[in-house]
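Once you've had a glance at the structure underneath, I'll fire off some questions.
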Amino acid sequence: MDRNQLAKWFQAPTKMAHKYSLHAVYFCTGCGIIEVPPVITARWDAERFGVIPTATPRHANLFLITGYVSVKTLRAIIRTYEQMPEPKFTVGFGSCPINGGMYWDSYNTIKHLDRYIPVDGWIAGCMPRPEAIFVAVTHLWTLIDKDMADGYKRYRTNYAAYRANQERALGELEWPPLFPMERGR
Amino acid sequence: MARIHWRYGPPLYQPLIDILRLFTQRGVSHGRLFDLGMVLSLAGSLVVVLFLPFGGISPMSGSGGLLVVLYMMLLMPLGIALSGGEAANPNASIGISRKLILAMGYEVPLLLILLAVMTHYGSISIAEIVSAQRRTGASIASVPLVLSGIAYVLIMPAMLGVRPFEVVQAPQEISSGPMAEYGGAYLALATVQHALSAFIAISLFVNLLWGGASNPAVFFLKMLVVFVLVLFVNAAFPRLRVEQAVRYLWRWPSLIAFIGLILVVVVGR
Amino acid sequence: MRELELYFGPQHLGMVGNFSITLTVEGDRIVKAAANPGYLHRGFEKLMELRSWIKNFPMVCRINVVEPDSMEMIYAMGVEKLAGLEVPERAQFIRSVYLELARVGSHLFGLWAYANMLGFDTVAQWAMYHRDLILDLFEELTGGRVYHIYIWPGGVRRDFPEGFEDRIVSTLHSVGGCVPDYDAAFFNNRLFYDRAKGIGTVPREEAVTMGGTGQVLRATGMAYDIRKVDPYAAYDRVPWDVHTREDGDAYSRVWVIRDEMIESVHMIFKLLDAMPKGEVYNRIPNPFKWRIPEGEAYVRCESSRGELGLYLVSDGGDRPYRAHFRTPSYPHGLTILERALEGASIADVGNIMISLYVVAPEIDR
Amino acid sequence: MNGPLRTKLDSIFRDVETELADDDRLTVCVPKDSVVPVLSFLRGEGCDYLQLVSCVDWTERGELELVYVLSSYTGEANPPGAARANVLVKTGLPRTHPSLPTSIGVFPSAEPYERELHELFGVRFEGHPRLTPLFLEREYEVPPFRKDFDTRQYVEDHFGSIPPVEEGS
C-alpha cells in the first residue's frame, strides 16, 4: 500500500474496509461457477484481494451471480440478496445475466437480471476468465471509492418497481416485501 | 495457513479489515435475547482474560484465579447457545447442540489437567503457579505434569475449534453453525469472542505448563509458537463428526490426564 | 423425537452446483430425503431442435460444466452415426488423448469438491492447482479454458501444434509426481478412513436396479466401463484395465476415482506413442445446407461421471428432430442419492452426494 | 446376440413386430398395453439395464412415440459382444390424452424419467407414486417440449413485457 493510499484510508476508513474485504456469498447459480473455484484456490487466489467465500448471506457483502439464471433460481437469488446486510454489491458474471446470452430463447431462463435485482458490475464473456474476475473486483474498488456502487440504495428507493417485476416473472412471492411499498407502481 | 496451501494469501492485517467492515454493516437483530446472549458470551471471555497473567502484568489474579477461569470458561458456549437458539435457523440449532457436546467433550480432560496442576503446586492462583515455575523450571518438564501437558496439547485443537474438531462452525455441513444468523456488527462481536477464547486457551497452556514469562514479549512469542503448531495440525486433518470427536476426546486425553493426576498425587505426597 | 425439515438448499457451501435436497431430520439422523432439482433447467433439448446441426456444437458442451468434452464427443458420435461419416485414424487417437486429459481434469475437480467437503483444504488447493495446469494445456490446444469446442463431426478442429506432445508429457509428469503427496496427505489418512468408510453404501443389486453406472458400479466390484464394453475412438487399440473396489461405499468410490486418474495418465502416454500420422479432419458438406438422412441413433460413451448416452432422431431436415441425453448424474442424483441418504447423519450429506459424483446441470439439462 | 432374442419375442408375443437394424440393434414396436409384459420378458432375457425412457413428438404422424432403451450389464464376464447392442422398445400414444401404465414395477430406475416425461410432454403414467413437477417452476398450458409449444413466442410475451426499472424516478 503506497503512501497516498494511507491518506485515503484515514479519511474514509469505512470505505477502505468495504473495499478490501469483499466476502462473496457462495451460491452456484449457473454454469459460471466452474471458474470460481480456481479463483479462490491456489493458482489465482482471490484472497489476495480479500475475496473469501462465506457460507451464509448474513456474512457476505458481495454477491456473484455466475451464469444464466433460471426462473427457479431467481426466487432463491432474490431471497439471498434480501438477506444480505446493507452495504452489498452484486456482480453479474458472464453474458447470460446481461441479456440472456446463449439461452435467449429458452422459456425457463431470465433474460435481463437487472430488472429483478440491482447489479453493480458486469463481467462479459461466456465463462469469463479468472483474470476478468480480478479486473471486476478492482473496478468495484473504484466504484466504491466514487460511491457509484450504490446498488442497494437503488434497491431501496425504487423497491416498488423491482417488486412488481419480480412478481411479474415469478407470480406470487411468498415472503413479505422488504421495504414498505411507499409508492405503489 | 495460506502458505501451506501454496498460495500467496491475504495481507497480515486482513482480519482487522474484516472486523472494521463488519462493524459498518447494518446487522439484523432477532429480538432481545439474541443480543443478550451475544453480550453474555463476550463478557464471559473478557472477564477471563483479565484473570490470566499476561507476561509480567497480572491485573486481577489475586486469589482463586483458576477456579474463576474454569467457571467463566463455561459461560462462553452458553452465551453463544442462548443467542444462536433465538435466531430460529435450523442450522444454528444443530450447531449449538454440537457446540455444547464438544464443550462437554473437552471439559472433562481440562478439569483433570487443572486438578493435577493445582495439587502439584498446592495453590489455585495462577500468579503463584507462574512464580513457582520460575524457580523450579517449566512444569511440563517436571515428571508428573508431563502427562497432563500432553493431554492439554491433545485437546488444544478442540478448545480452539480448529480443524480436526471444527465441528461447531463446519461451513460445508451446517453453514457455519450457530453463527449462521449473525450479520454485520454481531458477526464482528462473534469473531472477536472466538479470537478471545483462542487467546484464553493458549495463554492458559503457556502459563500453567510452560512456565509463563517475565515480560509480555516473551509470553507473546511463546503463544505464537503454540498457535503456529496448532495451525499445522489444522491444515493437515479433515473434520471429524461430532460423535467421533467426543469419543476421541473422552478416550485418549482423559486417560492421560487421569494418569497424570494419579502420578501427581503419588509423587506429591 | 421431533422431526425437523432442513433445506440442504441451493445456497449452501457444501453444495457443488445448484441442487437442493429437503431432508426430514430427527436429531442428527436423516429420516427421508427428497431431491429437488430444476434450478438449472433451461430446456436444452428444446433449444437444440431450433438450431442446425453445426450450431448445436457450441451449445452441447454447456450441459455438463465440469467435463464439457464428453458431451462434444457424444454429440459428434451421434451425428457421425446418423450421417454415416468416417473419422480418420489420427483424429480417433487425438480424441482419446483429449478425452483422457479431460477425465483427469474432471477427477481433480471432483477431488477438490470432495476434499473441501471433508474440510481438507490443503489437498483441495493442490488438486485445483493441478487442474489449472491441465486447463493451460487445453487453452493452448483449443483456445478456451473450460469450453473448448474442439471435436467436430468428421474429426477434430486442428492437429496438435508441434511440440505439444512433450508439453502434455511434462505436465502429466509434474502432476503424477505429486501422487505420493496426495496419498500421504489424503488417501491414506486415518481420519479420511474414519469419515468415509461405510458411508453412503450402495450395494451392487441396488446400484444395478437403480441404473447406476461408472464409479457407483465399479466401487461394488463390477468392471463395467463403456470404453471396454462398447469401445469407441481409439480405446480398443491400447491395452489398459478397469479398476474396481469391493464394498461400494464413499471410501471405495474415491479410491476408484484415484486409480482411474492414474490409469488415464498412463493411457495418455501409450496413446501418444501409438499415434499414427495423417489427416485429422474429413471435410463435411457445406454445414449450412447439410441435411442428415432420416433415422435414429443411440450412442454411448464413458464420461468421468459414468455412462453418457444420446438418443438422436433426425427427420431428414437440417435440424435435429429430437435429442435426449442420458446423463450419468440423473440416476445417481435422484434415485440412488435418496436411498443412500436415508439413515445418514447430517454431516455426511455433502460427503455422500459428492462421492456419488453428482453434477447438477446434468440432471436438469 | 439379438437374433435368437428376436425369434423368441416373435414366438411369444403375437402383436409385436421386431426389426433388426444393421449394427445388431433390435427395435420392438409394441402396442400400448403390452409394454410392461414385454419389458419384464426382456428383463428376464438379460436386458436388465434400462438406460433411457425418451419420447419423440411426431407431429405429422400425430402420435407421441415413447422409446425405452434397454441394455444389459450381463454379469461379471460382460462379453463385449453381448452388451454392445441395445434394444429399443417403442410404443405410440395419441397426442390428445397420452397415458400409459407405469413401468416402475419392472425397472425402478424409470421413476425420474417418467416424472420428467409427464412434466415436459404431458404423458400420464398410471400408478406412478409421485408425479409431482420435477424441473419446472410454473404451469404451462402446452407442455414445453411438445413441437407445438413455440418457445420464442413464449419468451416474447412473458419476458419481453417486463419493463426495465427506471433509475430516474
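First chain written, first letter: the chains are A, B, C and D, and each begins at residue 1.
In this section, a residue touches a chain if its C-beta (ideal position, glycine included) is under 8 Å from a C-beta of that chain, and two chains touch if they have at least 3 such contacts.
Keep in mind that what you see is a predicted model, and the values were worked out from it rather than measured.
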Shared chain contacts [chain B and chain D, defined touch]: A, C
More contacts between chains, A-D or A-C: A-C
Euclidean distance of C-alpha centroids - chain A vs chain C, Å: 30
Where chain A and chain D are represented by their mean Cα positions, the distance between them in whole Å: 40
Distance from chain C to chain B - Cα centre to Cα centre, in angstrom: 44
Inter-chain centre distance, chain C versus chain D - centres from mean C-alpha coordinates, in Å: 24
Set of chain B residues in contact with two or more other chains: 5-7, 91, 171, 175-176
Per-residue multi-chain contacts in chain C, two or more chains: 12-13, 38, 41, 43, 46-47, 50, 125-126, 129, 364
Multi-chain contact sites of chain A, meaning residues that touch two or more partners: 41-43, 54-55, 70, 72, 105-108
Pairs of chains, among all present, that meet the touch criterion: A-B, A-C, A-D, B-C, C-D
Complex contacts: residues of chain D adjacent to chain A: 135-138, 140, 144, 149, 151-152, 154-155, 158-159, 161-167, 169
Footprint of chain D on chain C - complex, ascending: 37-38, 41, 43, 45-47, 50, 208-211, 217, 222-224, 228-231, 298, 300, 307, 309, 311, 313, 321-322, 324, 326, 330-331, 334-335, 364
Complex contacts: residues of chain A adjacent to chain B: 13-14, 16-18, 20-21, 23, 41-43, 45, 47-48, 50, 54-56, 58-59, 61, 84-87
Residue numbers on chain C that touch chain A, as the complex places them: 9-13, 15-18, 38-43, 46-47, 50, 58-59, 62, 65-66, 109, 112, 124-126, 128-129, 131-132, 135, 145-147, 360-361, 364
Chain A residues touching chain C - in the complex, by the definition given at the top: 25-31, 33-35, 37-38, 41-44, 53-55, 57, 68, 70, 72-73, 76, 80, 102-103, 105-109, 126-127, 129
